[in-house]
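There are two complexes below, and they share chain A, which is joined by chain B in the first and by chain C in the second.
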Partner chain A sequence: MTMTYETRMVWQNRLLLAPALVLLACFILIPAGAAIYISFTNEALSGFAASHPQFVGLKNYVRLFSDAGFWNSLIVTFAFVFGSSIVGQFVLGLASALALSRPIRFRRVFNAAILLPNAVPEVVAGFIWISMLAGGQYSTLSRIVGLFGFAPQNWLESVPLLMIIVVNTWRGIAFAMILMTSGLSAVPAEVYEAARMDGATPQQIFWRITLPLLRPTIFLYMLVSTAGTIAIFGLIYTLTRGGPGGATEIIGIYIYNQSFTAYQLGYGSAVAVIMLGVSVAIGAVYARVLKVQV
Partner chain B sequence: MKAIVLRAGVTVGLIAGAILAAIVISRAGMGSRDTANSGAATLTIRIAEHQQPRIDALNKAIPRIEKQLGVIIEVVEYPAPEKDYLSKLLTELGAGNAPDLFTANFDSDVPDMVSAGYLAPITAEVKAWDGYRQLFDVAKKLSTSADGQIYALDSMLLVQQLYYRRDLLDKAGISTAQPTSWKDLLDRAREIKAKTGKYALLLPAGISWGPGAFNEGFALFVPGSKTPQIANDDGSLNLNGEGVRDIFRLYKTLIDEDLMPIQPLLGPEPWMIPKYTMFPAGDLMVTTCGTWCYIYDWGKGSRNPVPEVTKNVGTWAVPGMDGGASVTISGSSPWAVNAKSAHLDVAKKVLLALCSVDAMVDYAGLIGNIPARKDAADNKDFQALTELVPVLENVQNGTFLRSAPGYSVVSEGVARATEALLRRQTDAAGAQAILVKYVNDLLGDNAVR
Partner chain C sequence: MIGMRKFTRGEATAYGYLTATLVFCLLPFLWVVLASIDPNASQFLAFPEGITADHFIKIFSANKGGRWFFNSLVTVGATTAIVVVVGGMGGYALSRSEAWWKRPFLYAIILVRVLPPTAIIVPLYKVMLVANGPMGALVRSIVPPDSTRSAMQIFGFVDGYLGLILVLSAMQLPLALWIIKTYFDLTPRDYEEAALMDGANGFQRMRRILVPLAMPGLSAAGLLCFIGAWGDFLMPLTFISSAELQLLPIGLFRAFQRATRVDYGYLCALAMLYMLPAVVAFGLARRFLVQTFTGGIKG
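Up next, the complex of A and B:
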């Protein structure tokens, strides 16, 4: 049977996609399916349930909704995402992109300084910040603020959530800056020229031209950054392990603690499935606002 | 058309070939290991170990054992913190690729590992072993499960008491006599706080402390409470008893009256500041601990030692609630064989070799726990450990808690209940309710009586 050109192209595209789909299936879809199944069992890492897991239906989900620890971790996660990703990284990333789009002195040095944190692995970044924040009077930050007359603090104990927001902001500015820079470069220069000729002030240009035209880039950044920040684990685990007293127990750490510290794989999987649903819902909202065809 | 189909076919073929090659290479690698391991002269036994002093002690014992048994021993280093070690070990046991030999953290972990099918029974080998009759009776009882079988062998014992700064209490004019009851202990703590301004008594607590919240804190007060055993004969757990509530009430009093430090217990590695900084500095006067503290925490193995530690740090037995006193003995890192080990017989022989006097003394010297064998007293290297010699002589007088399946859940439940107390979210009855609810949720409503 002879194929039409269009049919041949369709098959060729499918074949090209096949390796990626196989990897997606092996490392994303099948494990996700297994996690969904395990969430309906009492499977554990130790005890009788480890060797004889039982199907328990919705018992894990019922327990989850009455678990104060779960709701605490959800609140902490959203505060963390809002503070670091949506506010911190976006505002500073946009400001950096705007500043570095101009011919300023030492532009390359500033560029490198902003990009470097993103190149540091999560755990390494965590250890760097431990030396900055942990140790009370001996921490680097305490010594710095001491020069200005402020009292030393156990920063990771007194303001732990603020500290992890600061650390994650530091680490994520580069990604925001890169996206905003590419978005800014797509804004035609003639639009700015026309606005200046019409007498628009810099503030008017920013709010009425730059931001609206950056909208697709902003929402794309929000989509990717929100999903990525919800999934953060290594950085926060290195810094605080979710403490003190659950103050920084973001959902990734909560899932780890339930699955590998309390050995309750079934319950941990239930929490993970709930977060999968939340992440998909957030992504759908962003995609709808963005009107992106995936 | 033919060219396009041919190109697509070649692409798919190349990809399939790459995957097949990867599978073949990995299988070939396993095959060559199996071939190597089938010969007795090159048999490799993999042992999991964690924490540098334990790894150093094991490395000291390995040459003797390799020579004795004609095997190669490979030490697989695991994360140092107890909780992380056990999490990684259990994950690998569940996946079927754990080492041949490993330790459980505490005796309380063993029943659940047995229920999970991870441990090979070693009853016949242990009872036929000539070292068995040298084991202290308490070690034999701790090593024997409820079904009469032995799945893990305690080569070292934790002997836990209250450790106090004798020098600083003498200086402050505070009595160092053995407290006679919990009321006496609390009064002593209040006196310490009033006269010195320092924290008086630390009981491990909170989720961050992991299993130590139960094994190194809560459990020590159980024998002297109105609930002297948690594991019933039928395997159920006695958690609704008045004694459990009384112990939580003791915690609550220490917390409410600011007699114990709280902030460090809410952070990661909560023992670091109280035990390694505050106690040596005299900012904390009394803490629960074991013989390891004389060597590892404050003695010659410590980075922040207490000078003349055996002179300046004294011990009290844990008083009973209404009188009496007890010294709690538990197994320290009992050795076990992976039920899925490819070399079960040899692994069991290595386990018994690790329970020789020489190996036990290697561990005692670096960690400070007590050998589980009576004949360790005759070993000249052990006799040089003057901090430990008198403790070994009194091991037979100690008491111990029976463990049962589900004990690791009790341990986690106590950590959660004491966490709520530390955060001032509940009272003693509420803490007990948290513990009971947690155990019921995980083990079923029939687990708690």
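Up next, the complex of A and C:
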């Protein structure tokens, strides 16, 4: 007995998808599920609890609420996401997209310069910014502000949170610019033409036409960028490791430090579950916005 | 004024803004570029008094940097190959299937894409530890005892290439599936059906029709996978501990963090070498970047 063509195709598709499913299940889905389970135990990386983990119910979650370190990392994460992705990258990315939408000379040069910070690996970005910011009077930034008569500083210690916001803004202008450029190119030229005929000023055109028409693009950008910024690890780890004194301990760094430095896997997993919840919520909105075509 | 083009206010603002942004974007790179050719490089920006290629030569002469580069190339290369093959098969199936699970699967891919790796790193580490046991037993039963250690460096799940390659592949797979699925959606089924009528078997259809047709989608997926895996910091930091297996990002990071006798010129040359493939791949993938977030690859 032979299978019909349709049945064969159904099995062929299942078989073709199987390796991908196995990889995703073993290394992403099962760990994500295990994170939820571990968060209800007192699992540790060393000591007695490492060999005899016990079920502790909601204890880890109760501890979260009274843990200043956790609240601190939430606030730092919020400030980091808001400052770098919602304000810094967005404003500079939109401005770059608008400026480059004009017939400008050296457009490719400007474009390449803005893309470069996004192209380099996180570790290299971390190195070069340490040279910019650390070392008091020797750092590049201290020498620049010195030209205007300001005192040199160790920037990663005096204003650490502001500095990681600046560094991440630097890194992400390109992403905002790319999305905004594609959004701008979808606006028909006649719309601007008509507005100009009616005597609209550039300011009016920006606030009344460009920005409203870009709204779907901006919304998509905010979603993707927020999810991406919450997930940042290497850039901050190479720059500050979350220090000084937790001032730059965004949630990913906090989880890593709790788990692999303080060895508290159960507690670290409770933080991870909160982070997973936030990301899945963002992802659910994102999936709706994309309107998946089957 | 005759002969001189007058700037409008809008243009002047645009040039002024773009120039300031250009300086902001490029200034941090000045140090790494100058230090990599400066015989007396330090951690801080300085104009080199001479020019030397020694730092670059040192990378490939009996130094750890060359080994790190090789390790990165092997693991990221293998990851990219796995993702293109597995993602190609899966993306094709996702595009052609009409099964009930198709829509849930696609939504799941979007959700998996936004999961932060830091949130699953602890349970992932445990999964790898568990998998490492049977793999160790298997390796010990096959290879002679004196080469068990080197075999585990290749096939181990913790502190071994295989584990790192599989983890990196899983992390890069969702995007690849998404891109390739969208690409196959745009390629007509007529060619496959014609080949089927002509009696071509599954393998022939794949080699002669599907792979050539899907090439742009596969290369976009491969490029983005390479960029992601090449720059990844968390996975090699967590899963590789042996010095001889170290990847470039972690090797660089640890060397840079040392308290004394940091050879900045050498590290900067190494950082330049590390940046180069990433920047080239990014340049090639640039035109695909928008679609990866808004839909799929078109054209």
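General observations
Note that in this section the second predicted complex is superposed on the first by the 253 of 294 C-alpha atoms of A that agree within 3 Å, B and C clash if a C-alpha of one lies under 4 Å from a C-alpha of the other, contacts with A are read in each partner's own complex, and residues count from 1 in each chain.
What we mean here is this: a contact is a pair of C-beta atoms (placed from the backbone, for glycine too) under 8 Å apart; a residue touches a chain by one contact, two chains touch by 3 or more.
Worth saying up front: this structure is predicted, and the values here are computed from it rather than measured.
Of the two partner chains placed by superposition, A:210 touches none, neither chain B nor chain C.
Ranked by how many residues of chain A each touches, chain B and chain C are led by C. When the shared chain is aligned, no partner comes close enough to touch A:89: not chain B, not chain C.
Legend: residue contacts after superposition of the two complexes on their common chain; A:287 is shown touching chain C, with no touch to chain B. Judged by the touch definition given at the top, the superposed model places A:19 against both chain B and chain C.
Of the two partner chains placed around the shared chain by superposition, chain B is the only one that A:63 touches, whereas chain C remains out of contact. The residues of chain A shared by its contacts with chain B and with chain C are 12, 16, 19, 260.
Residue ranges on chain C touching chain A, taken from their complex, read 10-11, 13-15, 17-18, 21-22, 24-32, 43-45, 86-87, 89-90, 92-94, 96-97, 99, 102-103, 105-107, 110-124, 126-127, 166-167, 169-171, 173-174, 177, 185, 202, 227, 230-234, 237-238, 249, 252-253, 256, 267, 271, 274-275, 278-279, 282-283, 286, 289-290, 293-295.
Against chain C, the residues of chain A that register as touching in their complex are 9-10, 12-14, 16-17, 19-21, 23-24, 26-35, 37-38, 92, 95-96, 98-100, 102, 104, 109-110, 113-132, 134-135, 138-140, 143, 170, 173, 175, 178-179, 181-182, 202, 220, 224, 227, 230-231, 233-234, 237-238, 251-253, 255-256, 259-260, 265, 268-269, 272-273, 275-276, 279-280, 282-284, 286-287, 290, 292-294. Contact residues on chain B toward chain A in their complex (touch as defined above): 1, 4, 8, 11-12, 15, 83, 87, 90-91, 94, 109, 112-113, 115-118, 206-208, 210, 263, 266-268, 405-406, 408-409, 412, 419, 422-423, 441-443. On the chain A side of its complex with chain B, the touching residues are 2-3, 8, 11-12, 15-16, 18-19, 44-48, 50-51, 63, 154, 156-157, 240-241, 243-245, 257, 260-264.
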